[in-house]
Amino acid sequence: MDKVTFANENLMIQIQENVRGQDVFVIQPSCSPVSDGIIELLIMLDALRSASAGRITAVIPYFPYVRSDKKDQPRISIAARLMADLIQSAGAERVITMDLHAPQIQGFFSIPVDQLTARNLLCSHLERRDLSNSVLVASDVGEVKDVGAFSRILGLQMAIIDKRRTGNDDKAKATHLVGNVEGKEAIIVDDEIATAGTLCEAADFLRQHGAISVRACATHPILCGPAMERIQESSIEEVIVTDTVPVPRAKRIPKVNVLSVASIFGEAIRRIHHSESVGAMFDN
Amino acid sequence: MDKVTFANENLMIQIQENVRGQDVFVIQPSCSPVSDGIIELLIMLDALRSASAGRITAVIPYFPYVRSDKKDQPRISIAARLMADLIQSAGAERVITMDLHAPQIQGFFSIPVDQLTARNLLCSHLERRDLSNSVLVASDVGEVKDVGAFSRILGLQMAIIDKRRTGNDDKAKATHLVGNVEGKEAIIVDDEIATAGTLCEAADFLRQHGAISVRACATHPILCGPAMERIQESSIEEVIVTDTVPVPRAKRIPKVNVLSVASIFGEAIRRIHHSESVGAMFDN
Amino acid sequence: MDKVTFANENLMIQIQENVRGQDVFVIQPSCSPVSDGIIELLIMLDALRSASAGRITAVIPYFPYVRSDKKDQPRISIAARLMADLIQSAGAERVITMDLHAPQIQGFFSIPVDQLTARNLLCSHLERRDLSNSVLVASDVGEVKDVGAFSRILGLQMAIIDKRRTGNDDKAKATHLVGNVEGKEAIIVDDEIATAGTLCEAADFLRQHGAISVRACATHPILCGPAMERIQESSIEEVIVTDTVPVPRAKRIPKVNVLSVASIFGEAIRRIHHSESVGAMFDN
Amino acid sequence: MDKVTFANENLMIQIQENVRGQDVFVIQPSCSPVSDGIIELLIMLDALRSASAGRITAVIPYFPYVRSDKKDQPRISIAARLMADLIQSAGAERVITMDLHAPQIQGFFSIPVDQLTARNLLCSHLERRDLSNSVLVASDVGEVKDVGAFSRILGLQMAIIDKRRTGNDDKAKATHLVGNVEGKEAIIVDDEIATAGTLCEAADFLRQHGAISVRACATHPILCGPAMERIQESSIEEVIVTDTVPVPRAKRIPKVNVLSVASIFGEAIRRIHHSESVGAMFDN
Amino acid sequence: MDKVTFANENLMIQIQENVRGQDVFVIQPSCSPVSDGIIELLIMLDALRSASAGRITAVIPYFPYVRSDKKDQPRISIAARLMADLIQSAGAERVITMDLHAPQIQGFFSIPVDQLTARNLLCSHLERRDLSNSVLVASDVGEVKDVGAFSRILGLQMAIIDKRRTGNDDKAKATHLVGNVEGKEAIIVDDEIATAGTLCEAADFLRQHGAISVRACATHPILCGPAMERIQESSIEEVIVTDTVPVPRAKRIPKVNVLSVASIFGEAIRRIHHSESVGAMFDN
Amino acid sequence: MDKVTFANENLMIQIQENVRGQDVFVIQPSCSPVSDGIIELLIMLDALRSASAGRITAVIPYFPYVRSDKKDQPRISIAARLMADLIQSAGAERVITMDLHAPQIQGFFSIPVDQLTARNLLCSHLERRDLSNSVLVASDVGEVKDVGAFSRILGLQMAIIDKRRTGNDDKAKATHLVGNVEGKEAIIVDDEIATAGTLCEAADFLRQHGAISVRACATHPILCGPAMERIQESSIEEVIVTDTVPVPRAKRIPKVNVLSVASIFGEAIRRIHHSESVGAMFDN
């Protein structure tokens, strides 16, 4: 692909080789600047379609607007569904992605979607240490289901931080701990870390409730805004993420461990190209 | 509507009055026999469309196949998305439904959906009793988010039953309680009660962990298979449901309290017909 | 395929083998319970699509709602068209079926349809006997075209039973015979036999008009409701049908001859898979 | 509408008045030159759509390619379905037409279709004479259903001309008469008269079988090729048609009676515009 | 293909060989009668689709209604877009065409389009003569862009004829010459020649402005209406066209030179069938 | 509308008032940051659709990617067509825009488009001065058609700058002037001014060819990159543009005259809302 950004900010993307009849996989990270990345993906898909590619698969490790997946306020867009529509409208015939915020999001597409997971990768990393005194923690009721999956793989117990709005405050704060972390090593599990605000607040809360250490693990390292400062200054010992979103060198501080999902995506692409089962990659 | 079921089980539905240009609302419960109900809805929608109805709204209090909302095993259908496609394909231009298993399901549609909720209705009923010693319980990690919403309205704490597969058993069993019910009045919250297996098992588990009483509340009373026997024989004191699914007289035993959602649906239909806000019905 | 019917009557269908890129043929009979069969077909098609099957062909020997093919009353659905829409909406890319009630129904689809016929099979069976004194009979003006096709193959003359409403009776009755069956062996030809009411009434009427024997032949043996009692007690000597609809052992009484269409469907599937002509199967 | 045909045969159609938001009915006859008429209709529909018409109804008294409604030979187009697709693709939101060759053709559309009928008009005209010695005749097995409808309205018996291919002849010839016309006044009923070949052959055949007179009635007067000479020279006494297809003065010979359908279409348009029932026009 | 035109002007097209799974290219010239040609193309495409062709490419050397490509008056159709819609609606999956009036027209399609050009072919022919004293002329401001492309290939200067409406005349007339042709050999370049009115008027105008000779070159020879007489009687020395539109023998007068595009289309079809680059055919 | 941009750059747009059944016009400028503007428009459209707006019109004064309107190189996207698809996919039912780069772009939409023009506004401004010694100039062959329209309104002659690639230089340079500007006041006409590179080069070129002054006029003031410096330092006396793209105070230097199109858009919106003719706004 050859990409030019004109002075008027318009992109011009030219595919450099003949792709007629080819089985094409377009890999597009969803990182800053986010809107440019989306438009770039859509233009690439359209260029491939009009260049008569045989089959076009969009490989989107972190799906854009993945948390705008429900209409929890009146008169808003379910933007993740809109993104699915746009990607299909631009010509994608198949999508590969990883760890969607909710598994239902797969139903937003009318083309086949292969949803991969970094769960086994993250659990393997966690298991390098002795977990016998560990407890898994959901930093919000919305994440409990995900934590449940980890707890089944690792055979650990879990705790949940319950957040409420108090007084006139518009923002919910951690008020109760459901379960027990006293004297335990806590591991907070989430699907993504954005500004790390919730995460660091949770870590403090857990320490107040007696946790002897706090680690965090998540698939998608958005790490935007004040995230790095917060993590650096927090009581969190280790943050384990993957590289579904590029983590620049400046963010690769000692506390942050970045596991590569390259071989998971590579294997999925190989299987799809050869019509082998992708589901079989995640069987136990 | 005039409905004939022929000896070959085929339905013939004739709309008895001119509907040209009318704003039509088709109300279809999703109860046994389920498949017949779906086909009946689709044929009614198609008949209305070909009869030139002005606008066709499908009112589906309990959405069929609502729990088949994700691809948690390889090579299965996300049947709730399929139902959404079929209903649109048959001619619905708008859908009104209540308390979907996951809020993301709204994103399965490309037509406007008004999702109503019975949450306030159920909470009001619960509040008739003194709740100061009560705790809300999720019978599964998948239900915690829903329980969280109730806990915010009622200002109660919560507990979660964690289920695991043990030994060679294929079925998960309640193994841990996250949180505390000792000496408390437990209220199990769920979106639907089908065979009541999970529910009654949870009730026993809570009593073993010291709960002094167990009640249950859910929007959708499927109450199929052995549900009524199980409820009758269980330690559950009260089951509070709505009538999104018809509850026949035989199932209206003293333990079961059925609240009517008729006025909620009626008000939503009135507002939609007059282009008034539906979101405003659920504002606090 | 692995099929589970839950207590709430919802189906869960899982394809047991990897079908990525495969040329898949789904064979679905349309027999009682009819609605369940339709929903099952739609879910299977959707599961195959989301499992990335290469091409999905729905093989539907007897097409559901095939007689709801016109709008002969105001404000009804042309349900056969609706079924075509649903089947396409669920993911079928091609349909194979047999002897549609009207050949125009093929035009309800926007995907390729291969319509097979059992006509040659039925005629071959009829020709085992001496037909020199036989006459083909249409039991209704709506069936004459079909009977004409048989009469051209077999070189026989035909007669038509004309039905009218008399007096205040809502149901049409056989009132006239167009043509002559006096002293002849009559063979009633139809596309399907449902309750056998029309058929048995026709047989009596033909005997009254001098037919020395009556046989009947039809492609689709619905045989629902009182069909078997009526046939057993009627003056009909033989009923020749195929197995496009399963005929259980209890219905396989001596009078009923069931011819297998398995090899016709098998050959059509073989030809489609290998891109050979299906039309050539029925050339003369 | 302003229509220019350029020297290169391209049409340019301009709507002369503002139609934004208007309820527009486009009336297009389907007469020679047929292809020009179809293209003209499609361009008018598209012009109306892009001119923001409120609702666009195509009024097509005789539907083009109406007899290409089935795939009775391999590898042909069901051109009537194609026409339905094109008309919808060009912007029609509703269609009004009359006496389709087969009622199933209505199922080719996914927009509402109002199918009007000239049957009552034609029957009223026939009833002006004493019909007590008349018999209705289908000139082909394919027309029997239509004849049956007339026979029920008029209370008359019917007969069918059975055509077969004989010897090496490629064309089917009338070989048998099913029913009896001896000493009767025969009325041949069809949906359209094109070259009048079948019709005039049928008239001779009926006279040979003893009919004392032959009349013919049909909704659509295509009257193309040698039709007028054949009718003029035939033994047919009267041909009753409507003006769904324009009948120029030269074809209005004494034998040909043209009934106007203008008021039927006018009333249907009035009712559709005012959202009144169209079905009620044809109730008995 | 076997094509029958019935007396009612309806076409019946039957594909004579099995095309299941084949890569089919349908070549359709757009010549008089134009509407018949369009309908014929649409029916062929639909027949191929329903005959299960593997991939259907419409090869349309001169695209119909190509100059109706904008809405330069209110309430008209952009008929070239409509044609694109109809061709896709009838089943084309790909289009090959040549020298569209405006390159934007390619954007009217949502299927891949290969736009070939005869520019190199025409330039090679022009270069057979000494062009050192030649100037390229656009007969209208609308054609300047095209002329610019020729001027870049041939390294020639250009001039433009500017047309204005004068007085009450409804038709624009050549009033100014932008640039200079005095003492030069003028070559008028256009994409098509229809009635040759503009062309011959331009030639006279150029001679009046001192051009010592005038030649013309265009891809598409519509040559309709008075075109041949005008060209014959004009001062134009030579008219160079291709055979994208068939040029019958009667129009092949000495002044008219017809270059064949057969090998360009042949090569494009070969490359598409073998998934080779078509763009590479026109690289410099 | 309430718009929040989260730290992860995701937008959340909430419509603040009930819009059910309302006729909504969304006005979206296409200025820097361009991609954010496009995504914002798409999310607003989707939010309005799901909020049941009665009719949604996207008002886009300067259409994004308007110059990516053709496939002038292999394997690129016609991005303007893609934008049209995305805008429709997100829910727009109608578009209002101004002075598209080519009029054919209107054909990229399948919804009604009202294309307004600032031509009369710009000409009125030009006519404030004495134009008797003026000549209109196209800075490239691609702009001649547009210049022709101005020349017809103003009754002026025109000239064209012909650009060629010379030597090994990849960029085309102005090499010839077609027509004459000697001793004239030149007015360069274009549809947009982006970096002003072409424009300023053209001004110099015209001065070298004897123009006594140079002015420029264009509808869309992108004015990106080095545009302002170039204009400031150039020999251009005046640049006349509109405010289809916001012109910030810093760019409103004395040389730049910004005319407001607000009343043109306002009037068009008024007319569309009241179903009055928009074409009538631009009649002469």
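Labels A, B, C, D, E and F are assigned to the chains in the order they are written; within every chain, residues are numbered from 1.
Methods note: a contact is a pair of C-beta atoms (placed from the backbone, for glycine too) under 8 Å apart; a residue touches a chain by one contact, two chains touch by 3 or more.
Source: prediction; values computed, not measured.
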{"item": "Co-neighbours of chain D and chain C - touch as defined", "value": "B, E"}
{"item": "Chain whose Cα centroid lies at the greatest distance from that of chain D", "value": "A"}
{"item": "Mean-CA-position distance for chain B and chain A (Å)", "value": "30"}
{"item": "Gap in Å, rounded to a whole number, between the CA centres of chain F and chain E", "value": "30"}
{"item": "Chain C and chain E: spacing of chain centres that average the CA atoms, whole Å", "value": "52"}
{"item": "Junction residues of chain C - those touching two or more other chains", "value": "18, 50-51, 71, 73-75, 78, 81, 85, 277, 279-280"}
{"item": "Every chain pair meeting the contact rule", "value": "A-B, A-C, A-E, A-F, B-C, B-D, B-F, C-D, C-E, D-E, D-F, E-F"}
{"item": "Touch list for chain C against partner chain B, complex", "value": "6-16, 18-19, 32-36, 38-39, 42-44, 46-47, 50-51, 64-65, 67-68, 71, 73-79, 81-82, 85-86, 89-90, 194-195, 222, 224-226"}
{"item": "Parts of chain D lying in touch with chain B, wherever the complex brings them together", "value": "94, 112-113, 272, 275-277, 279-280"}
{"item": "Chain D residues within the chain F interface of the complex", "value": "18, 20-22, 49-52, 54"}
{"item": "Partner chain D, residues of chain C touching it in the complex", "value": "69-75, 78, 80-81, 85, 102-108, 110, 115, 138, 141-142, 144-145, 147-148, 151-152, 157-160, 162, 164-165, 176, 178-179, 277-280"}
